[in-house]
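Quick heads-up: structures coming right below.
Two complexes come next, and they have one chain in common, chain A, joined by chain B in the first and chain C in the second.
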Partner chain A sequence: MLSLSDVSVNYGVIQAVRGVSLNVEEGEIVALLGPNGAGKTSLVSSVVGIVPVSGGRVTFKGEDITRVPVEGIVARGLTLTPEGRRVFAGLSVAENLRLGAATRKDPVATERDLNTYLDMFPILKERYHQTASTLSGGEQQMLAIARALMSAPTMLMLDEPSLGLAPRIVDRIFELMLEMKKSGLTMLVVEQNASEALAFSDRAYVLASGSVVYEGAAKDLAASDQLMEAYLGTGVA
Partner chain B sequence: MDLVRQTLLRTLIPAAILVAIAILVMRYGQPYQIRVGYVFFINLTMVVGLQIFMGNSGTASFGHAAFSGIAAYTVAILMTPLMLKRTLIPDAPFNLDQVVLGPIPSIILALLVTGVVAYVVGLAISRLKGVGAEIGTLAFLVIVHVVFTNWIELFRGPRAFYGIPIISNLWWGLGASIIAVFVAKLFRDSKYGVQLRASSDNMLAAKAMGVPVDRLRLIAWTLSGIVVGAGGVLLATNLGTIAPTSFYFNQTFLMMAMLLLGGMRSVSGAVCGTIVIALGSEITRTLESGPVLLGIDFPEMFGLTGFFLGAVIVLVMAFRREGILAGEEFEDIWDDMTRRLRRDKAPAAALDER
Partner chain C sequence: MEYVIQQAINALSVGGEYALLALGLAIVFSIMNLVNFAHGELITLGGYAMFFAAATFVGNPVLLLPICVLTAVVAAMLFERIAFRPVRNAPATTGLLTAFGVSIVIQNALVIFVATRPKPVPVPSWMQGTMSFGGFNLPVVQILETGATVCAVAGLVLLLTRTNLGLAMRAAAKDFTVVRLMGIQANRVILGAFAVSGFLAGLAAVFILARRGAVDPLMGFTPVLKAFVACVLGGFGSLLGAAAGGLVLGILEVVLQATLPSDVAGFRDAIVFLLVGAALIWRPTGLLGTRAELGDKE
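Our next item is the complex of A and B:
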């Protein structure tokens, strides 16, 4: 479904991502792991066009989207929930959700989806008219995910959905992701929380210093203390 | 269409306030108060216009006074009778000294010209972000002023352009400001407005949602330029005389103070700030001349009005950066109040886990 071949991202002279190739098949959850500064966020940001790709090709559903602007990519069904939640703090929950549908042109289906997600995230229904800044961290993350879903994506990329959240809320978010998988959504999840992420992913890539250093089945990586230690540091497994 | 109807309803509160002001002024005012009232409506139209760009994009603009100037001069050049024009601008380019149009076509053309200029300038401004964009708008103000003062054949340079037919009155000002409020509210609550406000809240997240930020900034900039231009038309057609200095720093700071005081994030803030500053300016202007009030003989204090505007900007920035209304609309405040009352009656509302 999504395929990156030899993708590089540069910030001036600094090369954040060096020739990464990666595949995500339809219906999969793929984890993208790696330490701080490995280039994970740069990579997913470049895929949707927020950061320009300096080299290589990105194809989505067989179509080259390397140079397509963000709104075009979102309209094609590939959406990113950026790192650090980034809800629109000054807007209401309702407005945040409406914004997720920025690129959609089917008001009837949009309205239907809105109701679906309000049922899926009941806390958002409760806080529907409140300003997003009054939500707790976990609620904001739910809002960010629901907002991304409002763009009717066929594939969702989540950048550190568990960052800074209480363990109980993290579990709830991972549960939700499994629910979304059942409804046919393909996902690429950037995580530092490796063992948790591997538990619900099908496959995993490990990124270090901008390059892929491991790829394989999630359970193989999770099962091998050696691999976990080598790629993700001690004490994670 | 639902949005248009809703916006019409939401315009009722500010419209009622403005109609009340107009009726009070017309009924009880001396010619001097009527003039002050008219200037109030001109400023209100401009400030609400400025709010469309500043409030939604979150970028300050120092350039909008130039749009009022462009519209005012276009109306002046098109509408002034030929006889006068032969003495005012005998060497006007494009044979403009031989053309004269009626009020309606002149006004429409003036708004159109302003819109085109705004669009072209906006192509550059909308791509700039933050301080870069703000400095850009300031440069635009200076450029337009320099063109007014140096293109003597067309604009008479620094000398006043007089003899513009006086066709508008207080009711025009009232009508224009109500329309401006309606347009600004419609834009603010439209999909475009919400998306643009989101981008000023969090640029990265908005882009990730596929919001075409630059295009929305351009739309807001152009629309806001046209509305401010309408204020310029009112000015030219009521005073009958305009000069480049009417559309320079003084006007810029006046508009800025009005918008910041009320709170630039909402249209109601623009209305509120304009009312307060207009009243304040009148009071300081009275004090300036050193009147005797309540038996106290005040000394003459020239420049007090300017001091007052500066002080307002500083105080708002220091103590209430979001302005009096803090970005809320009148209706939001009303809704919040009724909701809070209802919540007080149901204290059992679940406490959420944080």
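Our next item is the complex of A and C:
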């Protein structure tokens, strides 16, 4: 569904991503792991077009989207919940969700999706008319995910959805992602929380200093203390 | 008593005019980080459109009013499309210089192709009269201007809270990248903001021209300066601040005009700016500005 070949991202002279090739098949959850500064955010940002791709090719559903502007990529069904959530703090929960669906032309389906997600994230229903800035970190993350889902994507990239959240909330968010997978959503998840992310992912890539250093089945990586230790520094204590 | 009421409506109408102009500046600034100093030229162009329309095919002066507003809207959108879009991602100073450039080009084009001397602009004669309002005789222009300002601000609030375009504008003022991540076209949001700013400038222009009765190439300078001061006073980037700043500035001017002894009345603007400066020392972010609103751009 999504395919990157030899993608690079540069910020001036800094090379944040160096020739990454990566595939995500329809219906998969793929984890993108790696230490701080590995280039994970840069990679997903370049895929969705909010930072320019400096080299290589990105295709989505067989179509080259390397130079397509953000709006066009989202219109094709690929979106991102950005690092740090970035909900519109001054707007209400309702307004945030409405903006997520702003470009949709199917009011009936939009309304149905809204109800689906409000049931999926009951806290958003409870806080529906409240300003987003009054939500807790976990609630804001749920809002960010629901807002992205309101644009009816076929594939969602999530940049560190568990960042700064209590373990209980993290578990809840990962559960929700499995639910979304069941309803047919394809996902690429950037995570620092390696072992947890691997538990619900199908495959994983490990990025270090801008390059892919490991790719394989999530359970192989999770099962190998050696690999975990080597790439993620989180194996046997 | 009549004098007090007259001065009050005068203050409201001047304040309303500044508020309309300041809102136009603020709405563009909040989204693009651009101080559009060519905003005053929208008034000038609206005025010339009225002049040319009256001189050629429009007999009824009432029709000149929508022509003025429409011209300002179209001109604002053209500014965006032709001048500001190409430099959108350039540093803020480039945008500022572009705005000055647009302003200078338009002023000089009018000087060269039309005339330096003021041209008459006919407005409906009833606009220049007075009307009896609750037993007081008040100038029609001022009543209309106050009313139009209230309606425009109400309309703006509805636009910003009820429509997707308005919501997107508010969101874009805080985090444009994420607005684009919602699939919303950045170009449309920005063009929309310019159209709104043009509409507000056009509305103010109608009343400015009704007062002056003439248009000249440099007439946009003073209004845009006042609007800028109003924005700074209210807190740059804050729409509520712009409206409040405009109102306060207008009221201040009228109060000083009415109370200063005649031998210092000539220093009115200097005194106004001194008071604004003092207000900014007291509250450097402006009356309603907050740090977040001023600096919370990515």
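Quick notes
Keep this in mind: the second predicted complex is superposed on the first by the 233 of 237 C-alpha atoms of A that agree within 3 Å, B and C clash if a C-alpha of one lies under 4 Å from a C-alpha of the other, contacts with A are read in each partner's own complex, and residues count from 1 in each chain.
One rule holds for everything that comes next: a contact is a pair of C-beta atoms (placed from the backbone, for glycine too) under 8 Å apart; a residue touches a chain by one contact, two chains touch by 3 or more.
Quick caveat: nothing in here was measured; it's all calculated off a predicted structure.
With chain A as the common reference for superposition, the partners chain B and chain C occupy clashing space. Once the two complexes are laid over each other on the shared chain, residue contacts for A:R112 go to neither chain B nor chain C. The larger set of touched chain A residues comes from B, when the choice is between chain B and chain C. After overlaying the two complexes on the shared chain, residue contacts for A:G100 are found with chain B and with chain C alike. Of the two partner chains, chain B and chain C are each touched by A:V48. Contacts of A:E71 after superposition on the shared chain: both chain B and chain C are touched.
By the touch criterion defined above, A:K125 lies against neither chain B nor chain C after alignment on the C-alpha atoms of chain A. When the two complexes are laid over each other on chain A, chain A has residues 48, 50, 69-71, 74-75, 79-80, 82, 86, 88-91, 95, 98-100, 102-103, 147-148, 151 in contact with both chain B and chain C.
Put simply, chain A touches chain B in their complex at residues 48, 50, 69-75, 79-82, 86-91, 95-96, 98-100, 102-103, 123, 126, 129, 136-137, 139, 144, 147-148, 151. For chain C in complex with chain A, the residues that touch the partner chain are 164, 167-168, 170-171, 174-175, 177-186.
On the chain A side of its complex with chain C, the touching residues are 48, 50, 69-71, 74-75, 79-80, 82, 86, 88-91, 95, 98-100, 102-103, 147-148, 151.
Chain B meets chain A in the complex at residues 191, 194-195, 197-198, 201-202, 204-212, 265, 327, 339, 352-354.
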